[in-house]
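Chain IDs A, B and C follow the sequence of writing; residue 1 opens each chain.
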Amino acid sequence: MKRGWLGCSLLLAWLALLAVPAWAELTLRDDRGVTLHFDRPPQRIVSLLPSLTEAVCALDACSRLVGVDRYSDWPARVLKLPRLGGLDDVQIERTLALKPDLVLMSSSERVSERLQALGLKVMVLDSQTHADVQRTLVLLARMLGEPAKGELLWVAIQQQIGSAAARVPARLRGRKVYYEVDPTPFAASEDSFIGQTLKRLGMGNAVPAAMGSFPALNPEYVVRAQPDIIMSGRAELATMAARPGWSGLRALRQHQTCGFDTAASYLLVRPGPRLGEAAMLLADCLAALPPLR
Amino acid sequence: MTLRVDGVSARLGGREVLSDVHCTLAPGWTAVVGPNGAGKSTLLRVLAGLLPASAGAVQLEGWPLLQWPARERARRIAWLAQQADVSGDLTVRETVQLGRLPQLGLLAAPGAADAAAVHAAMQITECGPWQHRRLHELSGGERQRVLLARALATEAPVLLLDEPTTHLDAPHQVALARLFRRLAASHTVVTVLHDLPLALHADRLLLLVDGRKRAEGAFDDDTLHAALTAAFGGAIRIVWQRGRPMALPDLGLDP
Amino acid sequence: MNAELVDSRRRRRLVTGMLLAALLLSALGLMVGSEHLGWADLGRADAQLIIGRIRAPRTLGAFGVGALFGLAGAIAQGLFRNPLADPYLLGSAAGASLAVVLVLAGGALLGRHVGSVNLAWLRQLGLVTAAFGGALGGVLLTLVLARGAQQTLRLLLAGVVVGVVLGACGDLLTTWSPAALRGRQTFMLGSTAFLDWAGVGWLFGGLLLALPFSGRLARALDALSLGEDSASSLGLNLPRLRLLLVLLLALCTGLAVSQAGLVAFVGLVSPHLVRRFAPSAHGFTLPASAVAGGVLMLAADVLARGLIAPQELPVGVLTAVLGGGYLLWLLHRRGAMR
């Protein structure tokens, strides 16, 4: 059933590719609702968000990147590119000197305004959910002149997520996961892309969608919610039991925890083309959980 | 220029500090005396328009004091604070020049008349030599003289001076007393003085005790002297010397 | 006579020194940046763009921001008769910060309704307008709370309360919206990176209005230094004057903060610098503090760009180091003299 669905999508995509005429002028709307006009696909791209860097490279346009932000680190070749600072403290001068014909970033009003005022073309893309990621990939693919690749990439990601789901042991289906993004604590709810991936893996979430995508929780809430599985950075996990009241969490006592190292944590919080890989990471961890006594 | 005080009471921090004070302050030198906490400084503040009376009224030249526009009032009444509350980097000259504010306002440039008034004020108080030194570099007594000069520079006909001689040495105290005597001819000088011997050189004395007027009279008035002795709890004795009353501290040591 | 000459010579030296420093730093400001541009490069269009539209407005803007802070600081210290007063005392910082958070969070809450209020319109406002409005709003709230400028102490207390309450509101909003949190951090640190020619126009327009106006109030500030009652007895309408001074303070701070965020120390230190080298009456101190603030901010901006080029340091860190360092040195000298 799944194979059939995959085959259909591939066929459709290939047909779509055939149907597209030679590259013509393109008009796209970014997430601000701003219309951007392209005479031809951009050749010099600056990306100020790691997930957007990854998306461009996943769409085989890595060679077109001329500058990235300081947090972009995948694939390894982008480490050699000029690093232009974070999102809010971008080095305007340096960005300008690179003469990009497109700047990709997520919302930061002052930066986008300033760059636009200086004559640069800015595209703002914000991804919070899986649907956002799909839309972004498709948009970027169209912009890069390879419209089919976006859907293809998304299909591949879905396939990866599917295989990841298959790896999750049946006994864990429906168990509530608490994914902690930050020790404040900030958690990933059902609504976030992390939460959605977990849902695809057949897991439940201790934090409902009503609380927002990445809500800041009252630690009390987590204690009351008694999640079945806790996922967090390795370092935070080590000291989690010391938090007031958290030693009572049965997930901690029964070692139903997933601790991710720094590289894995970064991977998991990026709503980009490596969603599938992220799903695999999660599934591998879940599969390795000790059975409950 | 006359100040009339009609049944004035004043409250400070919820407490009544002045009660039903009646007096008339006419041209001449009036010394306001009394034990600590009698309300002397408060009376001066009310006279200067800095503290509204809770009852009664003060009249300046027949008009209610607080109905005068602030600047007009400032041209007629100069007030000197008991404690110098000075900050900043002003020089002596700049400080005395501030006394011309009521005349000049915030914007007008000082003219010849202003320069003359400033010069005169500094001469009288003997501040001239240090006119370019900063106020905060001076000693307490020197600073007091400068602030007095500031009050004099306003050329106001009414001078309300709260303890103008506290930090001064004897020669300067005497010099000031002489100054007040001179000014008394044409000004209404009201000074709060702790120093009773000095106060007895004034034309009139006003005795306040616990916020009420206990006595008032010319410097040689016997009734006044009796009231003074009583008010100070027998700590002073008034004797006559060379035709003038003198107040002497009485330690109760009799031979 | 001698002392007078010394004073005026000190004043002249200070002004000349500061103007020279300003010129020198401005020239540096055009030369320093993440890109290395030599004389030969000047013909290229992109070099001209960088120098003309990034470095030049940024350099001038930094001076303007610093000047406004310096002037505001001098006014605050004269008004409150306290050498530790700074322009942020009356709730302007907290107000601007909250407004920035509202706009950022409004953008994030787009599509959702908080209660029955749609916050989408907040996004249209723009951060600059919001920061300015917020700064003024904070001060107005302080004035309302203190029931006008009747008493200085009440004004100060109200300012503290407003600062704390508005700060807490901002904190609350940032817990709902991580994007707002990030933006708020940047705002609170201060940045000269986004100054453009429009901003320079606003800054210098504001300065051109504020300086003469403050000059007219200089004598009042001098009178205030004699003590509030003495100033009152000289015929000054203190509540009205205080209100005017507070509004002037709010305008200067609001303008500067809206363009560059909450830069630390410039307002506090500039009057001290002037007092240290040429103590004077307010007629000199006010404009001199403005120039001093401008120079200080210029120096911080140039250092921010140049110290670890091509990377940049946040300008707020440098003003804290320069300004705070100077204060520490002052304290040390005071202690040593005792």
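Please note the rule applied: a contact is a pair of C-beta atoms (placed from the backbone, for glycine too) under 8 Å apart; a residue touches a chain by one contact, two chains touch by 3 or more.
A quick note: this is a predicted structure, and the numbers were derived from the prediction, not measured.
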Two chains sharing the most C-beta contacts: B-C
Can you tell me which chain lies farthest from subunit C, using the average of the Cα atoms as each chain's centre? B
Taking the mean of all protein CA atoms as the centre, name the chain whose own CA mean is closest to it. C
How big is the gap, in whole Å, between where the Cα atoms of subunit A centre and where those of subunit B centre? 80
Separation of mean Cα positions, subunit C and subunit A [Å, integer]: 40
How many Å are there between the centre of subunit B and the centre of subunit C, using C-alpha atoms for each centre? 44
Expected list for subunit B, residues touching two or more other chains, is none
Residue numbers on subunit C that touch subunit B, as the complex places them: 1-4, 7, 78, 81, 216-217, 219-220, 222-223, 225-230, 232-237, 275, 279-282, 285
Counting only contacts in the complex, subunit B reaches subunit C at residues 45, 48-50, 70-75, 77-79, 81, 84-91, 94-95, 98-99, 101-102, 106-107, 132-134, 147, 150, 154
Which of the residues in subunit C come into contact with subunit A in the complex? 33-35, 46, 49-50, 53-55, 103-104, 107, 126-127, 175-176, 178-179, 182-183, 185-186, 191, 193-194, 196, 310-312, 314
Would you mind writing out the residues of subunit A in touch with subunit C in their complex? 85, 87-94, 96-97, 99, 107-111, 113-114, 117-119, 186, 212, 214-216
